[in-house]
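For clarity, chains are labelled A, B and C in written order, and residue numbers in each chain start from 1.
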């Protein structure tokens, strides 16, 4: 067979979508031209060995934590019947709506030496009593695990519920009991889903600043900010951020390599997974486990937030909050739409044109998720402002004094490009796995029936991908509700959102006052999460 | 009996997927459940494997109760192998890994040896390290069979094993599978909707409809001595010709007299329908009766003609393909029947050809 | 309610093109502010009421705003950069993003050590960073200087905030300015050795830790203390003015400068002059319980109740200049 020429549209689409994420990386590459050798020497000697160790350890803990917790909960809910299961099935996704930095601050406030729990323990039990310190790497790993496990839980549960029944049956007829079938067949089969969830969690961990800052853990990210804010070297910060993105890409590549030629595609959905009814102590244990997870990751933190918010609700809550909330929702919704459409085009282009180099380029386009938001915002802002200035110069030349003042960098357009750079990975995750499940025969059948290119996307893939698209949209939406640095830097004047509100309060350490907008963020985010949860249940 | 199902009942809501099904297989026999989709054959298979439980009735394997009142052995304790319709190979394991999957009670070396032996047996020794996605459909099916046979199950169940394969491959594989099962002396139960597969593979065939076992017998019996019109029509092609039973038991038909060897009761007036298979109606130029060809299907070695008798009734006739006649021509036909099967006539319905 | 907000925003999203005639008019000023909305908005509103000049502003981290100014270059809409520490103002001035302003009013109102020697930026309020202690466990007589907290008596009794916060970076920077790197590094090492627990993420946590008995002394910005005692007058922690008679207590400033490419230099200067005087000064500081930069302005009564203190006369610009050195020093000393 003669290799066909690459489809231009597909190549163009993937290339174009790689641009947003590439811009900051290019800024970073350009930053290498700025000598920051002195700073690097210092970093290598005094900072990097420690933060690299911390980052890797944190990454490992979060990967194991989210992987184990998310998978265990998914198997518990998908494969067992116990009191409360139906509610837990969707409730376990709720922590997605809670920003990590908020959870971290709540934990720090509640569990530190001076917090209510330890104070009570000292008074009621024994004065010498100490809990393990929450302001620690372990504490950060705990908080990140609690707010990121839903990614793994959601993807693993869908995997178990859609293809698990047949796998379980096959294993059982080969002499394996349920436990052994889970360990030897269902679990390995759900690996791509679990890996995708853990991957998202890891990238968020790499890029996280809010949680590690609140719990005072030094990681790669904090070192980046230290070089920038502390030593005024944006060049060094960008250079380190580029390394971080490379690290993330290497991780993704490694996972793919380990997977090898095992194709997980084209597993047919089988019937409903039979659920084992738990009884007695085991049923109680199952319910208790979920209650504890939900309690510490969502219910108790929300109670604390509400208590804080209540103290300031009289002074702080005004009519503007509806506008903040409306703007946050509108921004997150339209941003989610942009990202999901882009992710769909991205996924479809890569499906049409299966070339390794194009795939690599596509991966590059999703690397922004591992770059700390602020660094990415600045890395993207500089080229856009440059473009603006270039256009302005042309305009001034042509129109003289009457030339209008351009302000590209502070527009929603720039905001959306930045969102793309950062969140394309969140959108492509569910969409790619959804596309993998659509057998290529269907494409061929559609071609023969005359549906080509975009028509085929509209008439064949869109209907089949509805669930994946919704999942992607909700994940991006919730992420955008929580997003801060990009919004902060590129928003038009006076464009205040809930997250900006949180920033305003938190920047001066007024955490209790930040609780009110935080409560709003969670409240607005919960609705789509519940929607997603119901949908996930529906699909399965 | 090696494997036995007794009065099995399984309800899904209002519907009875199994409605009192009983049959048995002797050691080394290959049985086949045949029927249209939704007839309950797959439910029967899954009940034997333990993937469904029965609402009533029992299942016994080598005298051991697998399923019965108060008994439901979990699938992994039944010693029953199952080859799934879609093969259900584990995509994360190689062919060898798949075959070894059911051998976890064996030691490492024994396991490898047994897996190698099974792959050899199905002719896939060269593909042992390939992942399912790298195997063709036929190869995948053979891995699935090897995997199911590896733990030496008492009985092997196969669910529509050939449905996903193309026709050419299918005929070869059916033969190979039968030879393989016979060489191992394995007892097997196959579910299929394809009569050809069933006949080629099975020692005993059960025909199912609406959760009931209509007939259980040898393929020969099923074809030539169907007990209902449904059986006659589902298994092979059939035409029905009205006949009148004489006092001496002889049947008078438009195509001449027949001796009733095997037949159901006639109507009170002695009217019956005679089952005619296409090979019962032969072309003979010397035959006095002429029939007009209204349709012909070329089948390579034969033509299948649909001919219209003077009365206007239509019957099927299988004719060697060197007798090439055109539609509209009239040819001489006569009956050559070893097994005369009659059914009570359908009241008010004059249709006579079913293909 | 939500729906109308949604609809309105949808229109906004659709219409928001890249052309904004900001700062084209003399009656509009654009401020890039690292000082929070709730601290500046009331003052901006008051100015508009008084003069009719509208003030548009956007908030963000100072470092981000500085990068933003730099990237926008001569097309930046900003007229004024406002920060909550002198370091970023120094950095912005260093990079040529701020312009010198010759204003007798500002020169008169703002003491020399609280503004740029070349008048490119001006401190508008003082943020004192000093020692706090538990009066139950510590006698104020045991306290004297920042350096003294590095000595053995405080072993296991000191609490510090993370060195990632700029306030600690500028404190150490002015210590370097006063006594050189070597001596300062010894002190910082001494602090780290005296820590009762791992460093805190913010001053409020630190104050609560002293109150709860996790440690006895610490170093904080006074307004964090002020916020707590405003709600809980019996909060069991007290302020001690550090280095009295020994160089003075460390102060940083919240301040502002006119941008290099401002098209409204005059209006911007007038605004800064207004901020540096009278009622505005008082209000600017009081809203966050800080000390006014203008010595003539009245001090918030709660803040005044902590007593008068001698502030370090070292120019706050030094804090910016020596900040990278301070960060390296703290890295070396193991101060996280």
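Here is the rule we go by: a residue touches a chain if its C-beta (ideal position, glycine included) is under 8 Å from a C-beta of that chain, and two chains touch if they have at least 3 such contacts.
Model, not experiment: these values are computed from the prediction.
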Central subunit by CA centre of mass proxy
A
As a test of understanding: of all chains, whose mean C-alpha position lies farthest from that of subunit C?
B
Centre-to-centre distance between subunit C and subunit A (centres being mean Cα positions), rounded to whole Å:
34
Report the inter-chain centroid distance for subunit B and subunit C in whole angstrom, where each centroid is the mean of the CA atoms.
87
Whole-Å separation of chain centres (CA-atom averages), subunit A against subunit B
54
Residue ranges of subunit C touching at least 2 other chains are none
The answer for subunit B against subunit A in the complex is residues 49-51, 74-76, 80-82, 84, 86, 88, 90-93, 101-102, 104-105, 131-134, 147-148, 151
For a test of understanding, state which residues of subunit C touch subunit A in their complex under the given definition.
1-2, 4-6, 8-10, 12-13, 16-24, 30, 34, 36-39, 56-61, 63-64, 67-68, 71-75, 77, 84, 91, 162, 164, 166, 169, 197-205, 208-209, 211-212, 214, 224, 227, 288, 323-324, 327-328, 331-332, 336
Within their complex, subunit A touches subunit B through residues 166-167, 169-177, 180-181, 184-185, 188-189, 191, 261-268
Of subunit A, residues touching subunit C in the complex:
42, 46-47, 108-109, 112-114, 119, 133, 135-136, 213-216, 218, 222, 225-226, 228-234, 322-323, 325-327, 329-331, 334, 374, 377-378, 381-382, 385-386, 388-389, 392, 404-413, 485, 488-489, 491-494, 496, 500, 503-505, 507-511
